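Shared between the two complexes below is subunit A, which has subunit B as its partner in the first and subunit C in the second.
Right, the complex of A and B next:
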């Protein structure tokens, strides 16, 4: 990682005046911590103390959570574009790593990309000092429509080709590797789980009448919710897409939102999506090779030990963004799916108990 | 577990056997990934029936490009989507993940630098996090790939990960001597590993051998032999056993042996149940030997120290 910097992106409106628009882009990667047991709070703190002298933020409730200081990395490269337009961006991206329940590890990287609007093109290069006082901001030289950037970022598979375009996924993946390589960890994982990639963008609200909802269909499992509260910060539209086994994308339109909170929402969302994905995978595997005779499939034990208690949706989501969670819950039914899985696992546990009791009576 | 597959000579059937083991482990429900570190001639794609990566992948996205630093992550092919064999479509129920990280088409051997070691270590550690079995197919002999493997596994971040070594050799006098040399000789696995910081006893304990193309005198293949021929075969086999024991590649460090099978030799591809039962082109002994090998690879008992 590059130079160490402080805090998170400025909590600013996602839209600025003068025809310029800001787009928040980011990626969260989630995985199982490479350790045989859950870490204690001091251990978790030590693992995410990634830059000397900066504080790790720790909270104990509702689940233990430790967040590394923000790390800044200078970038100067073309930004993504669906149409293939080449526009250079210059600035910094912000990353941080976090541990939840001493068991799950996340890395997230984001940047507020400032696009030059009509007639207000950001001219030329500014000195690095300018960029360093705005950590997590990338200024784009030349015109680029916000949607073109967002599509380019969400739809292109990053990390697969020779990297010439800004690749937040690579920065994020690298940070996750760095945490997992910590000498404090014993590298003995209780079970194997895939990492998931969660990409998000926050775009300005489109200029439509309040309350008007504009649905369009997206490929895959798509969920669209519309909210119309005109509070200081509000969300007009959310699209969540499960792109493949490990990639998810979230496209939000909103204004007046705190970017710090949006990143927090996405991290929370990615965490629960990972939990659901992982437990679903284990359950699907153990259904195929059911032990028979009421025996508890061996794959379920680590899930019961390590994951079931971590589910705590929207624990760190602010008031403003709570409707986003509620909307996604209604459509995608995260909690309903989770409860059904947990119910099935508990049933298997009861069946296995009955079987053991039956054996004893015989 | 990270399993390095190596051999002193070419043509031992190292790659084809390793690919078959990978497939079987995945079918048994273990998440497996296979890395083609045979940079000079990547063949894993062809063995796995992946036409698009038969001689490595194009576009500079393979392992070679990743290690050189031109891409941030190498391509990972989900083999259940890419294997062009009808019997594996859809993937059998209960099959776990099976992923191939192909080499680059037109790649070659290359000297190692520090950044390459960092990248390799980061990749292997991440894969060991996501997969139960990571098979790394090294090129034959004392290659750069072997150096790299010994270098990264001595690093602190990988020291905690279980790493094991499989040396493939054919069941002939020259191959036995060569395999023993690769494991225990000058500039062999153990000697080089110790130079790079490995603990001798541990590394020594983590090496096992696989005999390939072993003629089985009792099999139906040799049913029509003259008594003199059969006796000669028995005698030679006994001599080879003695030689192997003298060179420390005897039964105590043997993980498995795969019989001589024309299908394995000539087709150099996956052997599926249908090849044995329906098509009846492969021998059932081969199938059983590959099954046993897959089981032993994942069974800690077979890797217990002596």
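Right, the complex of A and C next:
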């Protein structure tokens, strides 16, 4: 399904003009925390305190949320390409883990891949310290169309075995495992739920001039700060695909966006997609077995206990990216589907209460 | 829509990272091994005299890249007390101060190397560090190793058991397969070598009861990061300077602050850039320091704050940490 917003006209591919362009690629994995009850805020903070000395960001509203510090990993390997073109990238990927409501765990890994245009091949290799100044950036030597990279990244499953191409899935999966193996957790899952993989890319808007990119540079990008204010960012196209039961892909075109916000949006989106997928799965299972004298299907109880209150779409999504949520809501009907599922669960609950009352009256 | 811009923020949701005062230049006035202080083999007055000829105000302003009138520079000495400390602060500190003064130099700060390996205490435990964690542990956790070609993230990064290098090691003999002809020797390769490799493999620590023994080059890296003002624990400065009275000094180094400020009008301890004036025999150590610094990823908020401030002060400042570190090596 696709949602087009902002009325942006299809135009020449930004990368075809031979300029430099950037592509943000990332993966979010979401799962149920391996603990029998919800973690308290101090426990959640301890679980995601993955980098000694660095701060865990904690927020309490509208749902408790704890985010680990960014973790940096160096990579030097070919970047994905749908056409099989081999282009080496050197730089770092950034990962972070987060806990929502003390029950859901997410790991996300991303990198901004800077593609060299014609004639802009990076001379030699810069010292490693240069790459550490821009964490989460991979510089690619040689030409590679942004769409080729994006297609290659979205279509290729990674993290399942050895390969030569950049493997964000493996980095992300290891981080999720690391959190789940925390000694603070009792390793008892309240119910079975699958992990989902959510891969995303952000490309420049198709109508932007060559060399322009989707993000605004932060103060750290240059030695001096410029006082110029930036144009507000916007998203011009979003394609969300449910590839299979556990894999989803999101392809966005945008300009002037904060990458941190885009990653945050994708994490929020992946979280809600996981909630919807998981509850849908449980409800589908209960429907098959429902009709047993008005009794509440047993598998619904953990869903009511653990998940229903976590649904808070777009709570941590910035103003510029809200239209993405709105657009997806319109096309994919996330909230409508959620409300329908929750309504069904509540009906089952009411029916079971009536049945209990009826039993008592007899 | 209400037409009202509503901003909701929770203070705990945003990082709070404290900025610390910065000089333009932190000048290290030599480094001596403890043995040399014990056996008196070095004439301290002559030693500081040679350093003084390289640390005149014009030279320092030039290195800091600011006009002399604006220059804020502080001086420091790191005492080598980590391995053994037969002499206490009450003996060493007055000697250093007097010898420097005889050469026209003022020492603003005196630090002890063991402080870089000593437990951080309360703040460290809060930050998820093991109770006995030190500044050295903190810096080790900031290392993001320079990846060898082919490293794509599918495996965990190689854990080097206390070693850090700048490339790919020569394959070990053990890799030779049984019943096959010995594999021809292959050279190590420096990442980003300029035509030819200068491969460097540095010991960071060694396991030795009752814990890790940190190497001198690694503690020197911690020392450079402290001087560059880049270390924080939960957003707070990792170390704060403590005023000391040179007439009332403790007899052991454990009672001495990690970084002590001597009385006087000292510029801030940490600085945009550092200069270390050292004997030529420290070239290998400082080579290792530069290589290690090049693989340390400090808190991006701290890195950004420093660059922004330098921009405001119109001080040219390289973004890469190794480029902020300067040396003068003296011949024999």
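For this structure, a couple of remarks:
Here, the second predicted complex is superposed on the first by the 317 of 362 C-alpha atoms of A that agree within 3 Å, B and C clash if a C-alpha of one lies under 4 Å from a C-alpha of the other, contacts with A are read in each partner's own complex, and residues count from 1 in each chain.
Definition applied: a contact is a pair of C-beta atoms (placed from the backbone, for glycine too) under 8 Å apart; a residue touches a chain by one contact, two chains touch by 3 or more.
Source: prediction; values computed, not measured.
In the superposed model, A:190 makes contact with neither subunit B nor subunit C.
In the overlay built on the shared chain, the residue A:327 is in contact with neither subunit B nor subunit C.
Of the two partner chains placed by the overlay, only subunit C lies in contact with A:130; subunit B stays clear of it.
Using the contact criterion defined above for the overlaid structures, shared-chain residue A:167 touches subunit B and also reaches subunit C. In the superposed model, A:102 lies in contact with neither subunit B nor subunit C.
By the document's definition of touching, neither partner reaches A:254: not subunit B, not subunit C. When the two complexes are superposed, the chain touching more residues of subunit A, out of subunit B and subunit C, is C.
Contact with subunit C, but none with subunit B, is seen for A:77 once the two complexes are overlaid on the shared chain. Comparing the two complexes, residues 159, 161-163, 167, 170, 174 of subunit A contact subunit B in one case and subunit C in the other. Remark: subunit B residues 29, 31, 59-61, 65, 70-73, 75, 93-94, 96-97, 122, 125-126, 128-132, 156-157, 160-161 touch subunit A in the complex. Contact residues of subunit A toward subunit C in the complex are 46, 49-55, 57-61, 70, 72-78, 88, 90, 92-93, 124-130, 132-133, 135, 158-159, 161-168, 170-171, 174, 218-220, 222-225.
On the subunit C side of its complex with subunit A, the touching residues are 8, 10, 12-17, 124, 127-129, 133, 137-138, 141, 144-157, 191-192, 232-235, 238, 293-297, 299-300, 303-304, 307-308, 310-312, 316-323.
The touching residues of subunit A, when paired with subunit B in their complex, are 31-32, 34, 159-163, 167, 169-170, 173-174, 177, 180-181, 183, 185-189, 192-195, 285, 288-289.
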